[in-house]
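Notes for the one structure printed next.
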Amino acid sequence: MARQESRAERLRPHIPEKVHDLDHESHYSDTSRIKSLSDGVFSIAMTLLAFTMIADFNRPALTPAEFWADFHIPLLVYAMSFILLGTYWVAHAIAFHYIIRSDRPLMVSTVLYLLFVSLVPFSTHYLGSFPFDRLAILLYCVNLILCGLALQQMLLYATKDPLMLNPVFDRRIFRGTRVAIAVGPVLFAVALVVALVNPVAGFVICVAVPLLTFFPNPFWGRLYRRFYLGRQQA
Amino acid sequence: MARQESRAERLRPHIPEKVHDLDHESHYSDTSRIKSLSDGVFSIAMTLLAFTMIADFNRPALTPAEFWADFHIPLLVYAMSFILLGTYWVAHAIAFHYIIRSDRPLMVSTVLYLLFVSLVPFSTHYLGSFPFDRLAILLYCVNLILCGLALQQMLLYATKDPLMLNPVFDRRIFRGTRVAIAVGPVLFAVALVVALVNPVAGFVICVAVPLLTFFPNPFWGRLYRRFYLGRQQA
Amino acid sequence: MARQESRAERLRPHIPEKVHDLDHESHYSDTSRIKSLSDGVFSIAMTLLAFTMIADFNRPALTPAEFWADFHIPLLVYAMSFILLGTYWVAHAIAFHYIIRSDRPLMVSTVLYLLFVSLVPFSTHYLGSFPFDRLAILLYCVNLILCGLALQQMLLYATKDPLMLNPVFDRRIFRGTRVAIAVGPVLFAVALVVALVNPVAGFVICVAVPLLTFFPNPFWGRLYRRFYLGRQQA
Amino acid sequence: MARQESRAERLRPHIPEKVHDLDHESHYSDTSRIKSLSDGVFSIAMTLLAFTMIADFNRPALTPAEFWADFHIPLLVYAMSFILLGTYWVAHAIAFHYIIRSDRPLMVSTVLYLLFVSLVPFSTHYLGSFPFDRLAILLYCVNLILCGLALQQMLLYATKDPLMLNPVFDRRIFRGTRVAIAVGPVLFAVALVVALVNPVAGFVICVAVPLLTFFPNPFWGRLYRRFYLGRQQA
């Protein structure tokens, strides 16, 4: 067959070979379902983060000092995880500003991504209960590294198919975005290694990650420019 | 009355006979509410799967070996159920790419479908607690078979009414989709029967189902083609 | 001031009198936020119904007979509440097919409606735990009557303002819809009174309500026609 | 460089300097993801409010008097928090009727806003358990003041950039809206100070806030007009 097959036809099992006469684009869904499910999972995971603290909180009225002693670690871990999930949500929202069509493999990637996202309340609760425990930090870091890798895989898949992309998509911006998304997982990998030697230091690195990746900071600007404009300026 | 009545008029009780002068199509809603409720229920059910594990997890810091001993079964069952719900979500999303209008009976079908979907965290938690228990496997399999049947019923209903369908809808593709959706329930029926004899073997089949139905694999391609192209090639 | 004021200007405090030069319609929001919040609350309330059963279910492997003895009432109450919430969701979805614009009071009505909807998992859990208890039936019935009244109030408000309505809106259909929505609360009022004398009979009526109001049945068709066509045929 | 840089280019790190040739507006997302995540978090937080009461409610059948004694405070606090979250949701919905585009900092603001919103079930549960406890009232008030401040910050940011705003946006109306949103936090600050002296009086003020800020009342109308028309009438 001489005609060039689009990736959609080659990869998607639910479109058999003889349907060539159908409009190809019509077999891409829009991304509304992916966005909707993702926003749902993110909003629930985020809200459950705080909810898990309620279970630990059935003692009668505490003094402020006791409250602080009991809750400064869980509240810190809660805020940290909330902001990390927020960072992943922002990255997802920016990515799906550029990805405008979906197919089955992209939905499958989404489900895998959300699988790791939905584990965050679990690993957060564990870390909040045992903050300086090696295993707790390990679980937490592995969980967030897996979120990052799943997002990278999803972006890599989607950006290979021009039919899936917004016409305003610029491959150079996306390169910067992908580098930015990689910063979190790399720092968590560092935290993981450090935690094997010194759990407290590992925990401190974990807490620093959302501060570095969520709020705008001058370091980001420089990082983006370096990676982004490297080839262009040469 | 000589004019041909559309199915909408015959079946839907909330449109009395004398409203013929209204535009018929205007009485179909779009499917946005169905999609939105479904995505909501799926995202919550998926996120609760992981959340139910937290309740089991209040022991002080464990060694990695103890953690593994305690959690490899719940984590496996969790991932398995998440991916199964993901499969049903993908099937639902693909189906509602082709179903573009809804009426009251389709909403009723949706509620019944979601009734079974929302039971999955319950049956998953039970299976995760007692993985090799006959009753747990039975509940789990029956739950997921009912999800599959409810989805089949919904598709069967919607695809009978051309006014509900996307013009790009191709009945041949849908036949393949419906066969694909049937694979999961059939395998769970097998797991159920096997579990009566040997619960461990039944559990193993359950774990295999999401691997077979979620990830793209060559078997799928062949299955689709066989069912889909059978009549056409004859 | 001679010009006729629209209800929006008279009732909504956040539009002061001097903004007449702005386009009035632009101050109505669309209903997307109302639909989105409602679908969110419904989907969570529905999924939590099943989730509350998990807490009651921490015993080691049961025999099927024991499982049935322990769980036939909670599962029945669960399915019943799920279908009742489904009925209210369907009614809400049909209503908002006709209501296409919103203002602040409609949002306030929505929040009050959802206040009662979100209590349903609570009263369901109580009824599931103590099915033949007078107080449990009373709470459950009052909860669902309040849901119905809040929905009626919302419909009454929205259908008074033609600017809020879909042009295909037919006041006659809406009258039928409002009668249909009233059937549930009336039956729950009956159940409530009966339960004061005989709790078991009250419980049985409660269980019958979703069967009567959710699934299409010939009684509905006749009811709609009688109320709907009464004035027209006279 | 002589050309005037838009704020988007100056502030957003993910748009490097050399992308000037891209359409600027195309780098604003629409606000659908923000609305969707916010509606998700609000609906879950609202539904969890009632759910937290279930955990406290495992006693066998109570008399109505006992039920009232046990539950009138939690139910009151529940309804109060639900309506407060409803007020914040309405304010958010009205704000995003006028904000029609988003960028990364607005998403970051949204996540911070939702961080405080998702803590409300936690502080509500604490207040419901210990209603006249100083620390409980303090936590609750601080939580809701932070929600208000985060919303103010978000509005302040968004309304500075004309490209983000609906053309029907009227700065005068927004000033009124921002004053209205400030009423809640100011009253909670008063409640907080009063609670240090007399916890019961502080609790009573907290309960009064949703009554004043949610339901339409003549006081609102006057307040809006005074702040809103002050400069115009001068």
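Each chain gets a letter, A, B, C and D, in the order it is written, and its residues are counted from 1.
We adopt the following convention: contacts are C-beta pairs under 8 Å (C-beta built on N, C-alpha and C of every residue); 3 or more make two chains touch, one makes a residue touch a chain.
Just so we're clear, the structure is a prediction, and the values are computed from it rather than from any experiment.
Its C-alpha atoms fitted onto subunit C, subunit B is found rotated by 90°, rounded in steps of 5.
Of all residue numbers seen at the subunit A-subunit D contact, under half occur in both copies; the interface is built from largely non-matching residues.
Mean C-alpha position of subunit A lies 26 Å from that of subunit D. With each centre defined as the average position of its C-alpha atoms, the distance from subunit B to subunit D rounds to 36 Å. Looking at subunit C, one finds that residues 36, 39-40, 43-44, 48, 55 touch two or more other chains. Touching subunit A in their complex are the following residues of subunit D: 11-19, 22-23, 26-27, 29, 32-34, 36-37, 39-41, 43-45, 48, 52, 55, 104-105, 107-108, 111-112, 114-115, 118-119, 121-122, 125-126, 129-130, 133, 135-136, 138-139.
Taken in their complex, subunit A has these residues touching subunit D: 35-36, 39-40, 42-44, 46-51, 53-55, 57-58, 60-64, 67, 79, 82-83, 86, 89-90, 93-94, 96-97, 166, 168, 170, 172-173, 176-177, 180, 214-216, 220-221, 224-225, 228-229, 232.
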